[in-house]
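Next up: the structures, one after another.
What follows is a pair of complexes built around chain A, which joins chain B in one and chain C in the other.
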Partner chain A sequence: MNEVRIKVIDRREFLVTSGAAIAALTALTSGALARETKDPTKLLQEITGGAAPTEGKVKLEMPEIAENGATVPVKVSVDSPMTDKDYCESVTLIATKNPSVYVCAFKFTPDSGKAWVSTRIRMAQTQEVWAVAKMSDGKFYIGKTTVKVTIGGCGG
Partner chain B sequence: MAKARVKVPKKAKKGEIITIKTLIKHKMQRATKDKKTGKPIPRNIIHTFEAKFNGKPFLIGEWDTGVSANPYCAFTHRVNESGEYEFVWKDDAGQTYTAKAKIEVA
Partner chain C sequence: MLNRRDFIQLALATLAVTGSVEGFRRALADESLTQDQLLAFKPKGQVTLIHVTDIHAQLVPIYFREPDVNLGVGPMKGLPPHLTGEDFLKHYGIRRGTPDAYALTYLDFAELAKKYGKVGGMDRVATIVKAIRAERGDDRCLVLDGGDTWQGSYTSLQTQAQDMVDVMNALGTSAMTAHWEFTFGAERVQELIEQLKFPWLAGNVIDAQWEEPVFKAWEMFERGGVKVAVIGQAFPYTPVANPRHMIPGWSFGIREKMVQKHVNDAREAGAELVVLLSHNGYDVDRKLASRVKGIDVVLVGHTHDATPQVERVGKTILVSSGCSGKFVSRLDVEVKDGRMAGFTYKLIPVFSDVITPDADMRKLITEIRKPHEKVLNEVLGTTETPLYRRGNLAGTFDTLITTALMEERDAEIALSPGFRWGPSLIPGQQIRAEDVYSQTAITYPEVYRTEMTGKRLKEILEDVCDNLYNPDPYYQQGGDMVRTGGILFDIHPYEKMGNRIQNLRLKRTGEPIEASKNYVVTGWASVNPGVEGPPVWELVMNWIRKQKTISIPEQRDVRLVT
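Up next, the complex of A and B:
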């Protein structure tokens, strides 16, 4: 009797772990798919799951003219109280005309205090940059800005 | 070799939102070909950045080739207690770089 019971548990455990592994793998693959696309609209749809993001709440600060596309400063901030119940979960930066439109994403927690991040990105040419914010209530917001690039930062 | 630099205030008030600045030396190499030999150069970028406080992550960066070489990243944290920050960068070559800093809540 005992042996049988042990076997049952083992099999269940195996199923649970393999199930989790498959779920993790699926999540990873879908992430990779979104990243490889050259179509910013397609990437946006994959992030939002097809929902149209509302314009606003996202402030995207970039220079109007970037002399060097290899390193363009970006400041993104999202209007959110950042409490346990209401916070900004993530921000994704999309460079609409880069060879790879996915630039980076930042995941926040209420401990972040502010949904604010400052970084530097590469820009291949003059283009529009999008910042897509996902809020804890499942809503999406988008901010856009255009940067004129004098010398592209992606060319070999 | 990558070298990380972080700037964290030494002291803060309870509940204060502080700004943390980080910088790491890294080529952020895109997958490309050598111009002369045509040999492929594999991608080697920092793909994940993690900021932790007392072991708990509060900010995660998922980066791609669009992030500039020598990635700079500044962000905020709400400080409620004294403790230690740990910053972790991971690249395609399997290297992990870490930096630590302490903060005291007065």
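Up next, the complex of A and C:
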């Protein structure tokens, strides 16, 4: 995985497995307002400029039930050739019921080789998580999954 | 339990057929059983899989009442194992009052228990395993343990599962997977794995930080000239359903992709028969079998379902062998062209009075129990009514526990986990200390007493209910509903989370539970670290000693609305 180079645009701490190099850390340009919204649809519209993203191409892997809501593993991969002409530009993670629904965003270049990230996020409650991919042709794709954050106990 | 109306209906139906009440009694008495009948089997193919699961450390014979409510939701509605009572008998073509009906359903439990006796006992299980091995030849047999073997008794708690490791080694087990085993803590688990004479397989457990495999995922065996791969799948929600702090470094999960990888790896290594030794639970395995390709047999554990026939999902078959040593599954498989071409199956009920105990195993069990006999055999009282736990909503043994906790800890509400393990007692039976431990012997037994808002209480009930009735089995945890004392409510299993618990009231006053009001709640088996309180068995035993005679009617506090 050493060939995976990811440009990251977020202040949050995150884990990139396999020691992938972090190429850049810059501020997200879409503005602070969207980041602080509690409305996931509003944030999504902000990212896509109002366009409805297509379901598919984005594979979002999370556990069905979180073992620890404070640190839930996330893996996102986007089906893209990652060539100069056709690549995934960014992936934004949205936790639809967190106090702040914006989680983080990852930026890629064709040099990234793969549009693939692995991190951990905090989740306040059972909710749907969205991963929104922006492609170089301006199209948007979305992957969704539900993660249950449970009180636990009583099993068996 | 046979209620009065059922009994009258049965009696009338029998009268219609036989013309007399005596005929009804004779119909029951006609069934005589022998060990040969129980073991009778037409062998097939090259390989025999012997499956035991969820023994829950029950070394000696017990009674075990099957559930009266076991509801399936979503795509699983009405499918096995979600059949109980008459529906179960009808589906499998079993006559009421027969040994099979006694073993597989709750119907006429107390009456039939007196007639057909206890079930299980690892010395009887050993006899069955030895007999199958002798008949088929050792080189054709695999003895596979689906987990939840180490926990559930006084002796296993006292010996930190040493007793069960010794017994399963003596049984000649070929491989195991796990769930409650993990509640002895990571260090003890590693220690005991060292002692196993067979592989411990858990392909879905990874290091929580580095995501590397912790245990061996699968083992290749050669049996009857066939390469058999056994893949272990531990209970996916162990760190959620049980204390995560006892196994802080390990992460679980269904990990479908990983299961597929293990299957592919095994096939590439030449496996002609691929067996998933699973502790997923029935519905999870039914879904998994429809999505992971290349598994021939899933040996289902966790949900304690005793199904007398296999279920098919595509080319995969599901075998589920009950719990508490009450059943042993025998599956003979014919392998052709690198996969299963045919099979014969029998779920063998372990009738303790019919199966001769194996002398060696009996000796080992006697040795294990000897230092503890005095504690085990203390008589606390007598029960006039059946005491049992299984069933989605309530069990009388749990009502006993919640009542005892409320009184002993002076609380208005009690919560008790919806565990599926724990044997039953029949009317007239003495309640011994061992019986209490067999319902409560866990490594986190502290009874808490706390104040909780009505809102929080409702959230807990909804949360647990979703673990039982989420329409997607991958979001279920496989336990029954949390047991309650002091409150009344309706359950709407087909509703969405948040709307399943309705009409929640305080039993004492009949008043609705108020969201903002505080209530004094007691309970046990909290998964959080640092919980303080006396062990649950101590309070329950004290309470029974004071009552002397116990009579617990079937609980009516929870109303199922379907």
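Simple rule for what comes next: the second predicted complex is superposed on the first by the 120 of 156 C-alpha atoms of A that agree within 3 Å, B and C clash if a C-alpha of one lies under 4 Å from a C-alpha of the other, contacts with A are read in each partner's own complex, and residues count from 1 in each chain.
Criterion: a residue touches a chain if its C-beta (ideal position, glycine included) is under 8 Å from a C-beta of that chain, and two chains touch if they have at least 3 such contacts.
Everything quoted here is computed from the prediction, not taken from an experiment.
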Check the residue A:113 against both partner chains and state whether it touches chain B (first), chain C (second), both, or neither. first
After superposition on the shared chain, which partner residues are touched by A:41: those of chain B (first), chain C (second), both, or neither? neither
Between chain B and chain C, whom does A:70 touch in the aligned arrangement: first, second, both, or neither? first
A:100 contacts which: chain B (first), chain C (second), both, neither? first
Go through the superposed model and pick first if A:150 touches only chain B, second if only chain C, both, or neither. second
Between chain B and chain C, which residues of chain A are contacted by each of them? 153-154, 156
Per the touch rule above, chain A residues touching chain C in the complex are 17, 61, 63-68, 73, 126, 146, 148, 150-156
Can you tell me which positions in chain A touch chain B when the two form their complex? 35, 70-72, 82, 93, 95, 98, 100, 102-114, 116-122, 153-154, 156
Give every residue of chain C touching chain A within the complex, in rising order. 148, 179-180, 208, 211, 235, 237, 239-242, 244, 251-254, 257, 302, 417-421, 459-460, 463-464, 466-467, 470, 472, 474-475, 477-479, 482, 497, 525-527
In the complex, chain B residues that touch chain A: 17-18, 30, 32, 35, 53, 56-69, 71-78
